[in-house]
């Protein structure tokens, strides 16, 4: 089985971390290919970034169509461009936020999201609402550490997440925590050891989910929401984005 | 007052219709500028189109920042890229779907959306849910006429909408109808005459809403969700999209 | 365009303030007529007051039918008697609470209501739920200053609202604030200056909303919920309330 | 135990029917007093009627305060003025719609309302939503027989209700039916015999509910929503409505 | 009228307390029979206990079918096995939690549950959601006193409940409190005296509710959800549980 | 990896089918052990059956604790006793309904449940609501074929499901179908071929979900809802159910 994991931002460092996290939990026979798109922002921290990054994610799924992939993972916690990507492929496409929420639902009754930037709170709540999981997600707890700082100062990142996680457990009744960012290698295990609740690395969750879906032979439903995009004139975009 | 109306697709015919509809209802002293972006699909019929079109909409708002606009309207019924555009400007940014829903709420208790393509049903429901209006929107009724055919065969378009509108009224209890497409010049009045309920042209609704907001001097809240985008490296996009 | 603004309580001082607020934001060509009813309580602070005041509001809409008004505003933050008034007129009828909520929805994702009396909290929540906006309204924050004291001690009123507003922003994530009372002239601007988020005077919002609706030529849907009242015997009420 | 049942409309015929229904199911030791107010519409068929009738209901609760009643029932299916009446009394006040919904919840999972006029559909849905029971109420099924015709042509009324009830059961999955009108003496039993599901006369339900509440010695909570009305100047209303 | 109250746990002490509470509020002519099942846990503190106790409750309802009961009460605040018991009998079956919630709805707008163990919080929230009352229940406040300790140290129990009740009122806006446990004899009155809001003993509420239902002659709807169990082979259970 | 699949009913035929379905999709290295409990009903068709079957399921999880299992699957579409079983084990416990719903969420926007008996409709809706997925599940479509008849007449079963599935797709907008019964070997593939949407065998979904969870090393959260059952006196149950 061959899975393409698309980090929708252009930070190749983060792509490497995502790849490492994915391979750590993938089954030996699963081939993981990790990419970041040619175009897009170096991190995704607002709606503006998200749109630009979605284009890159779509481009990578399109390229993937001729590369024999069995499934795709969108590896940004906003599930950037997920529905558009799902239209492009017949193979399943899984978002890492979505996957982590769904796995959390099987491990406890209420989960919380540990997000990085507080301005993302509404976007996270919106995402959860879009998936219909608002009664399962008890809170979005935010640290205020910039995305790239997470890479630089792992200790500070971990401390901020520990603090947010404790509040989620004690004040919001969280039973499971979803790490709201890709590329937080091994942080799930470290937090889990201290907080004594399951802590989900969304990349790991997405890998396990898509392995299961592919094993079972299921593909995206093409009957309405995710029909292939209609072929038409598209101006000002490179050939790789023409249908 | 100077308003920039952005048709996020690249059909200049539709941009002209949107402009005509907007000017028909704008106050005499309101200056309407209508554009379609340089880049993007010629119509917006799926999530894929929507992402590509959102980039164009963002680009046009960015350009507008130095052109002295008092407000922006995103003139596609998916409110394409609305939240990203709202981050870019201090001036208010209104989506035509949003505006039509909110106006409908003041004219009757339940409204329906008359949408064109049935594959858009879920996207429409999602949009309504994102705005929190699911208890006010009683149905999304779809015709199955392609977007560009609406331009070509006005008679067929009108008949399809009349049929969908009647079902919305009789079977779903709709009291107000929102036309789910931009550029349907005068169709609101024609349908209203036959169906005896308010029929809202979303472009008209958006023009009236933003005129009111600008008159009152209100601007987008910049405290959390719609903070300006964070400045960062963005690869593979033209200068017009760099922050 | 000629708009009748009905202050459903019998405080002529408040009616004057409402008129001043309305004229401050109305367009020059909009003619504003402000009235308080002959019958009703001097302030509206509970459900009992609200019923008595609704009768007065209805009476004023009825009178208005022969006075050539293009629209009506119910200028009490409980939207007192709004649905009954909507039945009476063909012209649009807008409640100030409703108008402020809907405008808030276009300026930020989450809004809070700054209400005066804490016993009104449930009534406010109920109002929001009736409009289906519970996912957009993040909190109702109450001061405990009596309605008429607001008139007397503007400084104390402002301080109480500032405190409540700050809590709404910091603890509840409010991005826009709706002032939950009519007649708070200029308070919106003063609070906005200090709190750095849009603060909406509901009278101003209602004026802008109804100007837009009238401009666009839309009227209340008469197909079901807001059909005209059925003519029948009504005992014990003056002629002005007979149908 | 002495209960005052207030028929908020001024039809003394209906008041008599309500009294008969109430006495039929009241316990022998329960004293039932039935009144219609001096002021108000002869039937309640729209929001306009409802406001006028609420005043009458309030007046009757106020009178009751010195007449030694242990509880009050508002006997109109819109629960007209219920919250205002609850403010007035320390003794419990029960609405017949509310009581029928709550009893239905103990007899089956989903209930439907059999309402008379189709224009009441939204008002009924709003009432159910206000009580938070939208997931238990599967439909509001309407006949289109005018309220007073129900009195005149019992056969026609019954047939219309049978038809609506059957649809509720077969198409909406209703397991219990709430008769959406007061004064439908014995109709509950007749419909129940034919439809084979519990059919609730709302007056009967309210009598049983309030008997239970009074027996248990419970009174309305006065801590916030239903605090007594604030004493103040009230213009244009008779002495019986002054606080 | 003859009512069987089933304490689903096997603590005969608690059964005695439940009986005392029930008789305290039952009408003189109501015959109360209180039992605990032969099989089951001595207290119900988790889902595991709940399943085992549900079997006992079912067994007691089955026995009751030949003993001439007019109704059944499931006297554990989890409403253990309620829906299964409702399938067995034609006579009404009421859960004490359900009854207390529904009575609370008529006494105030928002109620809170005072529960014992904090691990029950989710189960309580789930119960409330199952009944569709999530918008009426403002919080589940937990003490952390073990169920059997409530019997032993009444003073400590009362203090813990007072503290939880105060928080529910002051922080969550509760207007009515439901005691989340059976067998708390007289505690409702004591708490009510100090907290100044209605405090509901769920056993008392259930007795009043079922007396009302039986008086009115209503029975469980047998049309779908609560049809009698299908007769079939059942292995490993005693004769008393065979259908 | 060693997984215990518990068919909570006592039909060994069905247990065999479940085992076959599970092994068909399990990875080669996954060891599947399938059991039915010693005690319980031969099929699960009502709430009564469900309680009796839950005891058996719990017993089998308890036994499993000393048998070295890495995870448990509850293989009845009501997820019988799931929360109680989750309390018992540290290893993950997955219900087949839950697993099928969550997988459906990644393959399309709206799913429908194809259930067997129409009396199960409410129970299914309740299950979906308990998981918080009501906005994703567009309908529960029921055939009226008895559970054991499914085994006997595969052709009739398939036709009934095809018909229900078609309605779900055409009338309710379902994009994915969840088969609402265990032991329907190969039916997923046959239906999928004809209906052109993903059809999920819940046993297959559960196997893939739990393989993923175990691979990732996650276990049930023990911090609140699913803490181990409290040890206590349990009467009338065999030793295998004592804690």
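Letters are used for the chains, namely A, B, C, D, E and F, taken in the order the chains are written, and counting of residues starts over at 1 for each.
The rule is short, and it goes like this: contacts are C-beta pairs under 8 Å (C-beta built on N, C-alpha and C of every residue); 3 or more make two chains touch, one makes a residue touch a chain.
Just so you know, these numbers come straight off a predicted model, no measurement behind them.
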{"item": "Chain labels contacting subunit B and also subunit D", "value": "C, F"}
{"item": "Each chain counted as touching subunit D and subunit E at once", "value": "C, F"}
{"item": "Interface composition of copies subunit E and subunit F: same or different, split at half", "value": "same"}
{"item": "Greatest separation from subunit E - chain, by CA centre", "value": "B"}
{"item": "Inter-chain centre distance, subunit C versus subunit F - centres from mean C-alpha coordinates, in Å", "value": "52"}
{"item": "Subunit A and subunit C, separation of their C-alpha mean positions in angstrom", "value": "44"}
{"item": "Inter-chain centre distance, subunit A versus subunit B - centres from mean C-alpha coordinates, in Å", "value": "29"}
{"item": "Residue list for subunit F, restricted to those that touch at least two other chains", "value": "109-110, 121-122, 126, 129, 135, 173, 224-225"}
{"item": "All chain pairs that touch each other", "value": "A-B, A-C, A-E, A-F, B-C, B-D, B-F, C-D, C-E, D-E, D-F, E-F"}
{"item": "Residue numbers on subunit B that touch subunit F, as the complex places them", "value": "121-122, 126, 129"}
{"item": "Touch list for subunit F against partner subunit A, complex", "value": "25, 27, 92, 94, 98-99, 102-103, 105-110, 131-136, 169, 173, 175-176, 196-198, 200, 204-205, 208-209, 211-213, 215-216, 218-226"}
{"item": "Footprint of subunit E on subunit A - complex, ascending", "value": "109-110, 135, 173"}
{"item": "Of all residues in subunit B, those that touch subunit A in their complex", "value": "10, 37-43, 45-52, 54-56, 58, 81, 83-84, 86-88, 118-119, 121-123, 126, 129-130, 224-225, 227, 229-230, 232-237, 241, 243"}
